[in-house]
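The following pair of complexes shares a single chain, subunit A, combined with subunit B in the former and subunit C in the latter.
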Partner chain A sequence: MRIVKYILRRIGFMAVTLLGVSIIAFALVRIAPGNPVELLLPEDATEEQINAMEERMGLNDPVLVQYFKYIGQVLKGDLGYSYRLNKSVSQLIAERLLQTAKLAVITLVWSTIFAIVLGILAGINRGKGIDVFSMMFSLVGQSVAPVWLALMMILLFSVKLGWLPTNGSSGWQCMIMPSLCNGLAQAVLVARLTRTGMADVLSEDYITATRARGISKMKVYSKYALKNALLPVVTIIGARIGHLLAGSAVIESIFVWPGMGQLLTQAIGQRDLQLVQSLLLVSAFMISLANLLVDILYTFVDPRIQLT
Partner chain B sequence: MSFKIFFRRAKKSTFLKLGICGFLILLMLLFIAYPLMPYDWAGIDFANKNLAPFKDMKHIFGCDSLGRDILTRCLYGGRISLLLSISVVVFSVVIGTLLGLTAGMFGGWADIIIMRITEIVMSVPGLMLALCVVAVLGVNFTNLIIVMLITSWTGYCRLVRGQVMAIRNSEYVKASTVLGAKRFSIMVKQILPNCVTPIIIQASQNLGSVILMESGMSYLGCGVPLPTPAWGSMISDGRQYLTVAPWITIVPGIFLMFTVLSFNFLGDGLRDCLDPKNKN
Partner chain C sequence: MEELIKIKDLFVEYRVGGVVSNALNGLNLTINKGEALGLVGESGAGKTTTALSILQLLPQDVGFITNGDITYHGESVLTKTDKEMGDIRGAKISMVFQNPLTSLNPVFTVGEQIEMVLHRHNPKLNKNELKKRAGDLLEMVGIARYRLADYPHQFSGGMRQRVGIAAALACTPELLIADEPTTALDVTIQAQILELMKKLQHEISTSLVMITHNLGIISELCEKVAVMYAGQVIEYGTVKEVFTKTAHWYTYGLLNAMPKLSGERERLVSIPGSVVNSENLPSGCKFHPRCAHCTERCKTETPPLVNMSETHQVACWEARKA
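What follows is the complex of A and B.
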């Protein structure tokens, strides 16, 4: 029963958070300078045309009315209409989310496998070569600017070697560089956590006791240590899924990947009100949902967690 | 923690030594190495347009598309990047700590409201929120500080609140309450000192992450406005010349990497030395 109460409470908090995001997003796009209507119409548009357009977009209503209309729409599942791109926002986001999700899945798979293997090896062999390598990898990986890394990769793999295309979204070759850039930060985080987790668990008494009973090293590592060492790693990966699905504006812009992040930068530049609002809302929804699911999962996986 | 223990640990921590050395070298390069930066950072000189590094020893790292000396711009730009990251971190620490203390000490509605606000900010990817706020405020240096502040105070707030919650019910705080200490004096004398260590550790890493974020924002046209050099804006400025003059992009990126690396060393080193749970 407590778990149900906990979940309901968390869902309530999530609703409040999303409401807050919607208010902030709505306010931001309306305070921003520049008239969205004038950007839509040709320069020689008459007063009447501008008025008609404002009427159509609902910009003549009082601000509060506009907000509640928008929220009413969203609750019905309609994210609005982009007058700039002449498409419904839901459709635009669905298209872009698919592209970002493709990238996110690949990024998640390689970075998780690579980082967990590296972290486990480093945690088991503390102070040895592989540990030093993993430490250097994390420190350098944390210190490189993603923009710079992306440009350096383009310089090396596209300009000098000509192996990979600089941009585009067709074919698997186009996904290599963006997913490497996106996944680096992720891999660093996971590798560090796995290493500390593994090292901490291995110094616990129960591991020593298991070893003393004559159980082989491999079995101790894989059966007794790994499960506990990976607990915090699961949280971090889960929490990052939401962020990965929201897309990275920088990486997507550099590699011209038609995803969520790139759509947002475009939408802000073009003062596309409903698109910006809905993009922020959808991103916030995915991130909060991922966090919520991880927390709920965690209460089942880790019996030590006390529900509050 | 006594300084004696700190120094004993500091002597053993390679990370801390590397971090401090890196930081000092950086400060020297940026603020007293005038012989290395004899040129005007905005001085245009078309004779040296896209000059390659090491060709002319007067311009060791070459020149950019307007013939400006890259080393001079990197060192001058470093001051700007450093000023930006230090301002953002200092303001974030102050705001985050105050709000975190309030939430943790007073609980109730204050806690609920402050924590919901941090959740709202954290549920939107930092760069996305920053882009939207920049669109409202416009691009300039002060606004850049404000925008990054908005995304980075939440970490300190949650950290301090967590710390307060953990200490609030400890026996020595209860003892002070029984002895008649006021809530405010408990907050300042008993609880705040316990937050200092984790804050210092987080702040030293945050210094690097602000510089990284600036590079991302510059690429999207929301960084330190041109022609003022900052590492991020220099990197993205060089992208058009990536094929003809890649050094315009490479050099500031290396400066940036070493700076962030030394901040990260500093953060890891401080963690090793300051963490009371660390027994070595």
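What follows is the complex of A and C.
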């Protein structure tokens, strides 16, 4: 019963968040310079044609009316229409979300496994070679800007070595570089968290007590200490899922990956009003939903947490 | 009497960041089968280090045995592999920890934590049998069986210590080491826990090492007592002899520092000075800087343990005559 109440309240908060995002997104695309209609129509369009188009797109209405029309539409499940691409926004997002999700799943899987294994190895060998290496690696990994990394990788693996395609979405080879760029920063962060968690937990009394019951080191590392060490990691990974599903505008644009991020970059460039608004709204929705799911999941992982 | 554990001339060091602490400095101690031994001394005397050394659980890369030997049934534990020690820990020798609030894993149910030790040493038991045995153990320490599914944070301190005791006794060990099991508990709960330990020790006839700085607990529970100072045993014998014919001035000081319930009210006597700094030990008798009966010899030569009687030994050049 308590959990139902909690979820209902959180959904209430989510609604408020999304409302805020919708206002900001709506305002931003209108503040941005450039007339969407002029960008949409051919250069030699006449004044009348422009006016007719503005009328058709509802841009002549007062701003508030435009906003409420848009919100009313969204509440009915219609995310709007892209005049530029001549498709409904829902349809566009559905296509792109699939591509972004593909990348997100791959990224999540490799970065999580890599980070946790590295973190455990570093945590149980604190101060030794593997620990020093992993901490240096994560320092570099967190400091490098994904944009720079993406360009350097293209230079090395595509231009110099010719191993990987520079862009495209056909075949698994195309996913390697975007996935590495998207996941590296998160992977090294999770590795650090796991390492610290592991090292802290191993010095706890209850680990000595577990060992005093005859449990082997391997069993302690893989089960009795790991569960404690991974608690903070769950939060970080969960929070990242939302971001990954929202897509990375920069990385997807560099590698021409036909996902949400690339669509957003295009939409902004073309002042595709409703598409930008709805993309931002959907991204915000996925991030809040992921956060909510993590918080609920957390109560199952850590029995001390109670939802109130 | 059969010897269970024999500790011979044991030296243990803790090395942290270039600093070396000499936790044990030539400890000699014998634990006999079926016997209850009290281990007393101030904080930092090396009591817990002794316990962890027996189990070979000194903190990794920090605690090192530099000299001496510990034998269990005549076999050295220092040469055993971790797997072989694992078969002993929890099954033959088990331990109850000082702080029940930190010695249970917060993210596993108490049932899982009791079943873990049962399963480790009886791998053939199936899930239901494990659960039944764990439930029996909980009832043995006075907790209702249905609470197996609860997590440690749902228990009070005293109850958590009962869980710790249940887990320690799960495989009916030959030796139970209780490291100040009541220090973190309030007085009424202390009495309950001690009562429980006394009862269970007799029921499953295990040997007991009771680590404490509470001399009352020693006289209540133990037959023998070893007094530790600066990582050495400085007086050892039957509780009766050590408490009535006290020979070492440190033990004498400890006993005098106890408030008396009868007679006129007096100012409490304390031992002057403070516990030795284990990073910089004094030469000779480690207690000499605090001792009122110190001689030149005490400052340079370390006194060996000598017999006062068959069952009473002391390490002091100027032993007190009772």
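Keep in mind that, in the parts below, the second predicted complex is superposed on the first by the 305 of 308 C-alpha atoms of A that agree within 3 Å, B and C clash if a C-alpha of one lies under 4 Å from a C-alpha of the other, contacts with A are read in each partner's own complex, and residues count from 1 in each chain.
Just so we're on the same page, a residue touches a chain if its C-beta (ideal position, glycine included) is under 8 Å from a C-beta of that chain, and two chains touch if they have at least 3 such contacts.
Owing to the predicted nature of the structure, the values given are computational and were not obtained by experimental measurement.
For A:I287, select first, second, both or neither according to whether it touches subunit B, subunit C, the two together, or no partner.
The answer is first: A:I287 touches subunit B but not subunit C.
Between subunit B and subunit C, whom does A:N228 touch in the aligned arrangement: first, second, both, or neither?
Second partner only, subunit C.
Using the superposition on chain A described above, determine whether A:D302 touches subunit B (first), subunit C (second), both, or neither.
second
Tell me the contact category for A:S216 with respect to subunit B and subunit C: first, second, both or neither.
A:S216 contacts subunit C only, not subunit B.
Could you tell me if A:E204 is touching subunit B, subunit C, both of them or neither one (first, second, both, neither)?
Second partner only, subunit C.
In the overlay, work out which of subunit B or subunit C sits against more residues of subunit A.
Larger number of subunit A residues touched: B.
Determine where on subunit A the residues touched by subunit B overlap those touched by subunit C, and list them.
none
Mind pulling up the subunit C residues that touch subunit A in the complex?
By the definition above, subunit C touches subunit A via 52, 55, 57, 59, 61, 82-83, 86-91, 94-95, 97-99, 102-109, 113, 116-117, 120-121, 151, 153, 164, 167.
In the complex formed with subunit C, which residues of subunit A make contact?
127, 203-217, 224, 227-228, 231, 301-304
So in the complex, which bits of subunit A are touching subunit B?
Interface residues on subunit A, with respect to subunit B: 13, 16-18, 20-21, 24-25, 28-29, 31-33, 139-140, 142-148, 151-152, 154-155, 159, 243, 246, 248-250, 253-254, 261, 264-265, 268, 276, 279-280, 283-284, 287-288, 291.
Subunit A touches which residues of subunit B in the complex?
Those residues of subunit B that touch subunit A are 116-117, 119-120, 122-125, 127-129, 131-133, 135-136, 138, 208, 211-212, 215-216, 218-220, 231-232, 235-236, 238-239, 242-243, 246, 249-250, 253, 256-258, 260-261, 264-265, 268.
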